[in-house]
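Each chain gets a letter, A, B, C and D, in the order it is written, and its residues are counted from 1.
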Amino acid sequence: MKAALLAEYDQPLELIDRPAPEPQQPNEVLVKILGAGVCATDLHAIEGLMEPAGLTLPVVLGHENAGRVEAVGDMVLSVQPGDEVLIYPPRSCGVCVPCRRAQDMHCERHEFVGLTVDGGFAEYLVVPERSLVKLPEGLDPVEMAPHADAGITAYHAVKRVAPLALPGSTAVVVGVGGVGHIAIQLLRELGSSYVVAIDPQAERQRLATELGADDAIGSDGAADAVREITDGSGADIVLDFVGSDQTHADGMAMLAKQGTYSMVGYGGTLSVPSVAMVSQEQKAIANLVGSWIDLWEVVQLHSRGRITVKTETHPLDDVNEVLSRLREGDVMGRAVLLPNGEAG
Amino acid sequence: MKAALLAEYDQPLELIDRPAPEPQQPNEVLVKILGAGVCATDLHAIEGLMEPAGLTLPVVLGHENAGRVEAVGDMVLSVQPGDEVLIYPPRSCGVCVPCRRAQDMHCERHEFVGLTVDGGFAEYLVVPERSLVKLPEGLDPVEMAPHADAGITAYHAVKRVAPLALPGSTAVVVGVGGVGHIAIQLLRELGSSYVVAIDPQAERQRLATELGADDAIGSDGAADAVREITDGSGADIVLDFVGSDQTHADGMAMLAKQGTYSMVGYGGTLSVPSVAMVSQEQKAIANLVGSWIDLWEVVQLHSRGRITVKTETHPLDDVNEVLSRLREGDVMGRAVLLPNGEAG
Amino acid sequence: MKAALLAEYDQPLELIDRPAPEPQQPNEVLVKILGAGVCATDLHAIEGLMEPAGLTLPVVLGHENAGRVEAVGDMVLSVQPGDEVLIYPPRSCGVCVPCRRAQDMHCERHEFVGLTVDGGFAEYLVVPERSLVKLPEGLDPVEMAPHADAGITAYHAVKRVAPLALPGSTAVVVGVGGVGHIAIQLLRELGSSYVVAIDPQAERQRLATELGADDAIGSDGAADAVREITDGSGADIVLDFVGSDQTHADGMAMLAKQGTYSMVGYGGTLSVPSVAMVSQEQKAIANLVGSWIDLWEVVQLHSRGRITVKTETHPLDDVNEVLSRLREGDVMGRAVLLPNGEAG
Amino acid sequence: MKAALLAEYDQPLELIDRPAPEPQQPNEVLVKILGAGVCATDLHAIEGLMEPAGLTLPVVLGHENAGRVEAVGDMVLSVQPGDEVLIYPPRSCGVCVPCRRAQDMHCERHEFVGLTVDGGFAEYLVVPERSLVKLPEGLDPVEMAPHADAGITAYHAVKRVAPLALPGSTAVVVGVGGVGHIAIQLLRELGSSYVVAIDPQAERQRLATELGADDAIGSDGAADAVREITDGSGADIVLDFVGSDQTHADGMAMLAKQGTYSMVGYGGTLSVPSVAMVSQEQKAIANLVGSWIDLWEVVQLHSRGRITVKTETHPLDDVNEVLSRLREGDVMGRAVLLPNGEAG
């Protein structure tokens, strides 16, 4: 089968041909990959930044995967050949304390598809049954693929602040990219805040308002702009999908009394005098990817038409061009590779 | 091996000899049973009342089991031979939506050890790895056995009302039996209410106060007595471990404005004019057994000395005498059978 | 001033002329009534059923009031003459424990405007400052008036179950009247359930779907119909705005495992075997009117266009005709009286 | 009456004689001060650091006050002359949105007794009724005085993290001073964590274990020590009552995956790379003083014997010596002044 391999850092992925994998354990499932989203984390992996997360070379990238079940092991209970599925990227053991608390992404035996084990920039992939969410009929797996990471990252972060998104509150989304453009929709779906989107690109500001943001502004002077929009009081919730020194500083600077600054993107240093946080009783919280049940819930929302993903599709062969465009900020929403072609 | 079989309703259990079971699946574990608690549900099973729950004759009873791991299948990750364990009685698949929400007892492929499949009134038992909670060193598995059902039933019910057990509130425990005597301790551990225990037996009222109840009273006129204790306002929380027409009526009658009546025991009919509940904004809620994580947390509490179980031990051969004493209300706390003898 | 007085039970209200009231305390406010909603509770009052709630004859009815501030006492801080306001009907002291927990409707010194003290079926009303929610500019106080009781009753009930209204769940609204038609909108706004409305009138079923219900069905055989809609699993949430023996029985009969039956309407007797509730781990909860902050939040939602109220307006002189039409089930949404005429 | 006035920064308080205040408004109450706790915030006030919080010279300090009601205005409902009371230090209006959400300390018209308005280092004080919590009979107001600030600060912070203090978790208290020594007791009362106290003074470590800490260690190398105590996993909860660059850095360094670092003390700068927080999904939260209802709940706990305050008493005339000893770290628990002498 065809696969796109990260063999060396800072080099294009190698398009190779290798035998398709086969289930080794009775709880494993063979999936034909129909769509594989391309994410900024893939860029970080290529830059060599994901070793602390457990990546070792060589590895097939691709952690936003949708596909069709081809074969199942003897102990598999919940899917059968022909089912269309999303692949939840964290591999979890199901028997440790975090797994038993439904926090699969904190599994003590954690692996991550497409980073620490081979992923879906390939025609086929074998995963344990626990990694699969079955799609309801009538949904397009290619369009759904980005939910496997971008969707649940947005959902997990928004769901945690949703109890704060009360009528009368203001929520800010920093960064209208692959994750942020879903978060805007979810803030509307799960909360009742006035939603302000921040992005340097005018085109993305337009996308934000199309998707339900009440206001969309640029990055320069964003903290002051949010103060003005809120009559001086600041934002009750700031969701930061960028994560730089600048966005960390701006995020805290635009925060209201009792406000919550929630980081999804990372990269800079959060630096804040404690007197400011204590006197205003503020929070800074951080988010990982969501849980399996988060992915299941995202699928339910999508199937009801409550959220969409803006996607563009490309053949697997174009993976390096797609990565370049993502690096340049030229992808709106999410690019999805089609390892098995348009027909699937 | 020796086992106590329910072969016919309303008859004594049959003490039989049969081959010890062996693991059939790579995720299964063979456990030598060191202690098996005897519960009122065993009486209901013998009376033929558990068919709606899926029981079919014949079956080996016993759902409060502690033991030692003897052998493990190839895929087992979290225990090894020699480990001492509790057996969480609901068998759960780990891949359905309730399981992925950490609500194992609502598993779509639910079985229950000692009711719908063979249980621990026997020398050995085979269970899936998901059914095991490993005990920290230094704990006595025989004393811990009742936590596998009585302990987590109490914990699950108390944990759900704990956010209501605020300083200044009053909580009532109806029935100081195997479950209730643990619930009293847990109300103290997880909440800050003034705790009133209700039981017709003076000896159990004494046990209640020894275990931390602030007051203990008889069942006759209990609703009036609770009104008096609370200066007329009633109890904010009533946990009913009995469940009869009388306790349902009393439970609602002793409830404060905004109070919660929480049923664990069952049997009667709850009947209440809705105007009474609406005008006082009250709740009536019901509880099943706890989750696997509830059992893990109960073990942590016990290992820290925060709760105890009052137990008496008996050889497996005495199972029918023990069941008779339980039926007569002559067991204080919990009786535990020793299928492999004192030495284990 | 003109006022509609309940002087005798089961008789038409008397249209009387009496001096307008004046503020007696420095924390009181004189309000010119621009709109006063007519509610089923007014019918109950006329029928003599509200004495347990503290009503004594004679009393001016009207507890869904909107108006304009005419004069304020010396200690009033938050409103001034000319402000348009809603009147939160429970009068609360602000210094007892329930008030300090933001549960104004459980105030230890509770009164209720239009039931235990004179209400807004009159040209003017004096209330304490704590009873007022100031309206943002640009809203129509007449259209908003029903929020003062119907709106916050719906909001309070929906907000309590909103954490259960997860993607993939089903919520049922029983009764598409003054309160229910707002609840349907709020379920969509605060939750992600599939929403089913139940009402015997076809016209109200149509209104339900216009307001966002995913399905609307009749009352006959409703429990079976809900089972069918949910592939047998039942509704996770049932909000009952009717409250009869029939709706109580149906509500429990259509409930899913772990489901919540939530009563707002009342009148019948809830009667259910505890084994059914325990084995399915269900809840029956009851709701009073909402808190002041609930009303403030409802106003924010309305001002953002997230909810609407279906209203029809009538002169105060027509109050008895309006009450008759309400009694006959001929009012769609809410009828609002205009004690000071169209112009206000 | 006698009072201790802050007239000039960095100078001893002036012991002056001035007329006792009298109620001016019908909602005001005259209180004879029986005990007034001395707090590190008083030192900050003397150092001129509380101007950002609204302090203007001259002002009578003292914000941890207990006393007896001497006279009440016409509109006062909940206390009468002779009642013993604590004075909740934030003055709140009762009609703004934060007040209506029970968050008195975020009142839009906020004042703070003993900082922005005159406090209790004086024989008498006039406060609005909303500032009073009535003491149950039989409690010693002098011993209770520190609850008015230290007690509710500890309670508010612990209550917010209590849902995380699950069996099996570890909680750290940094700083065993006036607030911290109450927090240790409250962690035990409201949670089930293993509790580790950190303080440089051996005597305070001893106090911590007497009050229920499971372990007490010094400040040097504290992050490593906590890692060791927790077998490498770190603390699930860190409550920092000190607040310096060092404790902020240590607090984050000793934090477990999914851990919460909660600041009460302040002074340094929290500086942390966002990748560390995101990859471990951690939180940094900050706390102000508690709400009125927090103080009421603390009083209930104290009256049940669940918490104590370690106090030493001094005449008001010794205020400057007491402040010096506090500055030197020589006060264990809390020093309380007696403006009306031992007899009250």
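One rule holds for everything that comes next: a residue touches a chain if its C-beta (ideal position, glycine included) is under 8 Å from a C-beta of that chain, and two chains touch if they have at least 3 such contacts.
Only a predicted model underlies this, so the values are computations on that prediction, with no experimental measurement involved.
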Chains in simultaneous contact with chain A and chain B: C, D
Over-half contact-pair match to A-C, picked out of the listed pairs A-B, B-C or B-D: B-D
Pair with more cross-chain C-beta pairs in contact, given C-D and A-D: A-D
Rounded Å distance, chain C centre to chain D centre (Cα mean): 41
Centre-to-centre distance between chain D and chain A (centres being mean Cα positions), rounded to whole Å: 42
Numbers and ranges of chain A residues touching at least 2 other chains: 97, 168, 296
Complex interface listing, chain D residues touching chain B: 163, 166-168, 189-190, 192, 194, 296-298, 300-301, 304, 306
Contact footprint of chain C on chain D as seen in their complex: 25-27, 75, 77-78, 93-97, 100-102, 104, 109, 129-130, 291-293, 296
Complex contacts: residues of chain C adjacent to chain B: 52-53, 97, 103, 106, 168, 243, 248, 257-258, 263-275, 277-288
